[in-house]
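The structures considered in this document are given below.
In the two complexes that follow, chain A is the common piece, with chain B as its partner first and chain C second.
And now, the complex of A and B:
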């Protein structure tokens, strides 16, 4: 066997081509305020924020094995921090978004220490309890409107930009950069040493442990980082909505159920899955939303069917046929041309 | 006396939470399945009770006779038709499938019964009370607590004194060897889910008589049941009753301090116990 006739590479032609296409698409998207209508920009902004939430949930559930049904805790926390920091501390909204991320990381530390005592499915319900504690807690704060919530004062909204068109563009760009930042962070994290450790834990916890990986710490880091990003996304969501209330901020349907469906339908445990899932979700939503509750029933049925029949999701089906990775994580061995 | 009253009322409320929890505890014990849709199934049982009482005009407590077998049948079909396919080493499928189920049940109820809060009309039983040692106890809470004791005693008896219970314990210990010994684990799991939903039916009817309910209430019931299970310790049915009582007392005492703190103080009690005794107060099996 001659080792010179084989090559190990991480990238592939598909990955390079899609990187070029991705860059072009990104440039077109950045320019959206010059070609898209207001409604379209709003919809795209929302899509990017869901994409970011889905990528984060996927990192936790698909890689770290931390299945949370309580991510609304951090979405709502981030939203409330945006309101509190701009209204009472006088921060600029964009500074407040960054601060919300930092505070999200801080609060997630004691939360993690507590609920990491629960395993598997009980961990999932434990995260839900935390979200409920946050919801009931914020409902008690009368300065933030208590149970009925409050609106962002006009002066703060205007401090973002005085013209409405500019405000909408900024809000859109923030959403777009959040999505790009999250997907890129997840991608580079998974390519790093820590990411390799995480993948090892996902594949076999006992084996990873015996190789000297600190499982608790790795999961803890993922949980804290995810919480920080989720809080920032939450702040962005409520900067778009301009109004917050405990029930909207900590809604399990809006910020967790939809996100889970997106990841499951797209393909859990892949970077591409949440991206595809988000597009499918918005496509379904825009076409079936008029059906109201029936639409949610359809979504639930689709998610169950995908989980049972194609547990790797749409991207998994695609990859089983074509062996393509747009975001190359693993290494592949290929035969070199003997020429 | 006010505080004693809060504690006694909380204890009785704990009976209801123990009924929420018993089904959850049972299916976790037998097949290590955590059913996220459990709370929605409790609400479904309450709605079935509503349909039975409005259609026939019978008392809600009598409706238990109809709703229990219906829910048990739903449980068996659900387990054999859907949930058995999700069981295995991987944690994700059962979790996500029951989560999807929860969304489906919630929205199906919304479609069928609208979002209006409903209540089971039980006539005198809703307000009847009697004096006991200086306190006034509601007949319904006392009845609920007695149901909880009876149900848990019954489950305990099934588990340890019947052939079915032996089968439950066998598949719980080792599924493959139980299968080799001639037990069909798919059937046993179906029966366990049927039994769990029979308990859920009783919990749903008592919930519906006690308070109003609407399709979105499932999540809260699941959380109360789950907290009772964890406080009491996994796999211990009497512990679950104790867990329910602790949760109920925490809630009524919290409400006594400030009405807005009722639910919150229950959650805080749960988190405190989780911090001090991660395996619950009376654990029997580890998660």
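And now, the complex of A and C:
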């Protein structure tokens, strides 16, 4: 009857197999500068950054229930911090990316205290308003080009690497590491004790509260950490673009609408969902990009269909048929052999 | 015996509806207290006030000698108050075992092997161990009620509040539930139990309180209370002096 009779495991065969495949894929991806063309590397770099943004938004909205439509505030803030810190403080771009993350965490604290007073739809609208305030604020800074924006000076670009091919490789590797860092952080966080608390909040706040989970503090920590990472990703995005303007930096379409699309069609509240969603999004984008407006209409139709027919996303559809977990977060109890 | 829970002039009203009307009573450590009262009398609200899900309009709650009136539900859980919800509140996307692990790791503060061992022991006790890997969302109502009890026990509580967990059971199932609760009680846990299945309640508790319209209308030994005209009127719907 006791623990000698039962064993608890946190892994599975599927997870071990996918860990091996994942490692192999990662090695191939790291070597991309030796086998991929410039355009492909650019595309993959962009894909990795969207994967990171989607994983972060999923942690915040899918687990902590903080449905923000204003994460562009932190993408843009991170981008502007990269420009400001390299141009005025003379920081190396990579140091500036890390610093942008720290500053993103700092600025997210008062934002959280303010918008956590709002619930549901009011919270969502509140986050959007904050992002607009950020956009209007940065448009006032004439040293950063005001409303028309500015370009990253050549000297700073060259400080990353003097040769263009090397710069492109570094930029690609940074994007790849960002995606791996974010997905791995989300995975290890969700497996931890605090992650278990967050998953409980996802499922039932009333029960979580009465089982000793401090809901406000857990959500606050998630909000600050995702905002910090989002600011770092923002810095990376604009290091690739080399040019920033308030409208591009704080675009609700680029940094929130597409990200929500990715998470929703992939499967909200799962680690696998944003990964699948990112691939589907880029597949659609690359095949339909020439069609102009039709592309956006198709995205909208796909989103509506998935929400109606598979509210748990493509990964949820798959999970309903097969009991497979690529990222094993849970526990499996099995009876030990009596021998 | 020392006092574990003390309610002083507790009052809570939602507009014109008073769910707790000047309630005062004490529960001694190790006691098993039964709560009776008609539907809507304020029994569950009383639990919500004790666990911190509701905040009183006035009055004071003491637990183990400390004033906990202003404490959050989470803090009260850490202090040793656990409850089962009348309407089960499972973490639907997680398995039964993971539901138990939430209680063991977040409230009892256990780690790794210790938490896992506790969950397996409790799941075995509540006869849910065979369902350990099943998502809680797919459990039957009966199993959900057992999960409520499991989670409450995995917090290693000093005070356990049970809210109607015996309804809808067969005679054999009811007997095994009674045995489980007796076991928990004899291990030293203080119990307050709201239950409409009166014979189950009476086989465990050593004191009864009766609540009606948020007021405490009786408090004492089970037998005289069950025979009192007020209780008969509530449960049988007959006028005592008719």
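Assume the second predicted complex is superposed on the first by the 326 of 339 C-alpha atoms of A that agree within 3 Å, B and C clash if a C-alpha of one lies under 4 Å from a C-alpha of the other, contacts with A are read in each partner's own complex, and residues count from 1 in each chain.
Going forward, a contact is a pair of C-beta atoms (placed from the backbone, for glycine too) under 8 Å apart; a residue touches a chain by one contact, two chains touch by 3 or more.
Because the structure is a prediction, the values reported are computed rather than measured.
Chemist: Chain A superposed: clash or fit between chain B and chain C?
Modeler: fit
Chemist: For A:6, using the defined touch cut-off, is the partner it touches chain B, chain C, both, or neither? Pick first, second, both or neither.
Modeler: In the superposed model, A:6 contacts chain C only, not chain B.
Chemist: Name the contact category of A:330: first (chain B only), second (chain C only), both, or neither.
Modeler: Touch partner of A:330: chain C, not chain B.
Chemist: After the superposition on chain A, what angle is formed at the C-alpha centre of chain A by the C-alpha centres of chain B and chain C, rounded to the nearest 10 degrees?
Modeler: 80
Chemist: Per the overlay, which chain contacts more chain A residues, chain B or chain C?
Modeler: Counted on chain A, the partner with more touching residues turns out to be B.
Chemist: By the touch definition at the top of the document, which applies to A:301: first (chain B), second (chain C), both, or neither?
Modeler: The answer is first: A:301 touches chain B but not chain C.
Chemist: Is A:266 touching anything from chain B or chain C once the two structures are fitted on A? First, second, both or neither.
Modeler: Neither partner.
Chemist: Of the two partner chains, chain B (first) and chain C (second), which one does A:206 touch, if any: first, second, both, or neither?
Modeler: Once the two structures are laid over each other on A, A:206 reaches chain C alone.
Chemist: If you stack the two complexes on chain A, which partner ends up touching A:193: first (chain B), second (chain C), both, or neither?
Modeler: second
Chemist: Taking the superposition on A as described, I'd like to know which of chain B and chain C A:104 touches: first, second, both or neither.
Modeler: Neither chain B nor chain C is touched by A:104.
Chemist: How far apart, in whole Å, are the nearest Cα atoms of chain B and chain C in the superposition?
Modeler: Shortest inter-chain C-alpha distance (chain B to chain C): 13 Å.
Chemist: Please name which positions on chain A make contact with chain C in the complex.
Modeler: Listed in rising order, the residues are 1-3, 6, 8, 193, 196-197, 199-200, 202-204, 206-215, 269, 330-333.
Chemist: With touch defined as at the start, can you tell me which chain C residues reach chain A in the complex?
Modeler: Interface residues on the chain C side: 51-53, 72-75, 77-78, 82-83, 85, 89-95, 97-98, 101-103, 105-107, 111, 116-117, 120-121, 124, 129, 132-133, 151, 155.
Chemist: Per the contact definition, I'd like the list of chain B residues that touch chain A in the complex.
Modeler: Its residues touching chain A are 33-34, 36, 82, 85-86, 91-97, 99-101, 103-104, 106-108, 110-111, 219-220, 222-223, 226-227, 230, 260-261, 263-264, 267-268, 270-271, 274-275, 278, 287.
Chemist: Contact residues on chain A for chain B in the complex?
Modeler: Listed in rising order, the residues are 61, 65, 67, 69, 114-115, 117-122, 124-126, 128-129, 132-133, 136-137, 139-140, 252-253, 257, 260-261, 264, 268, 293-294, 296-297, 299-301, 303-304, 307-308, 311.
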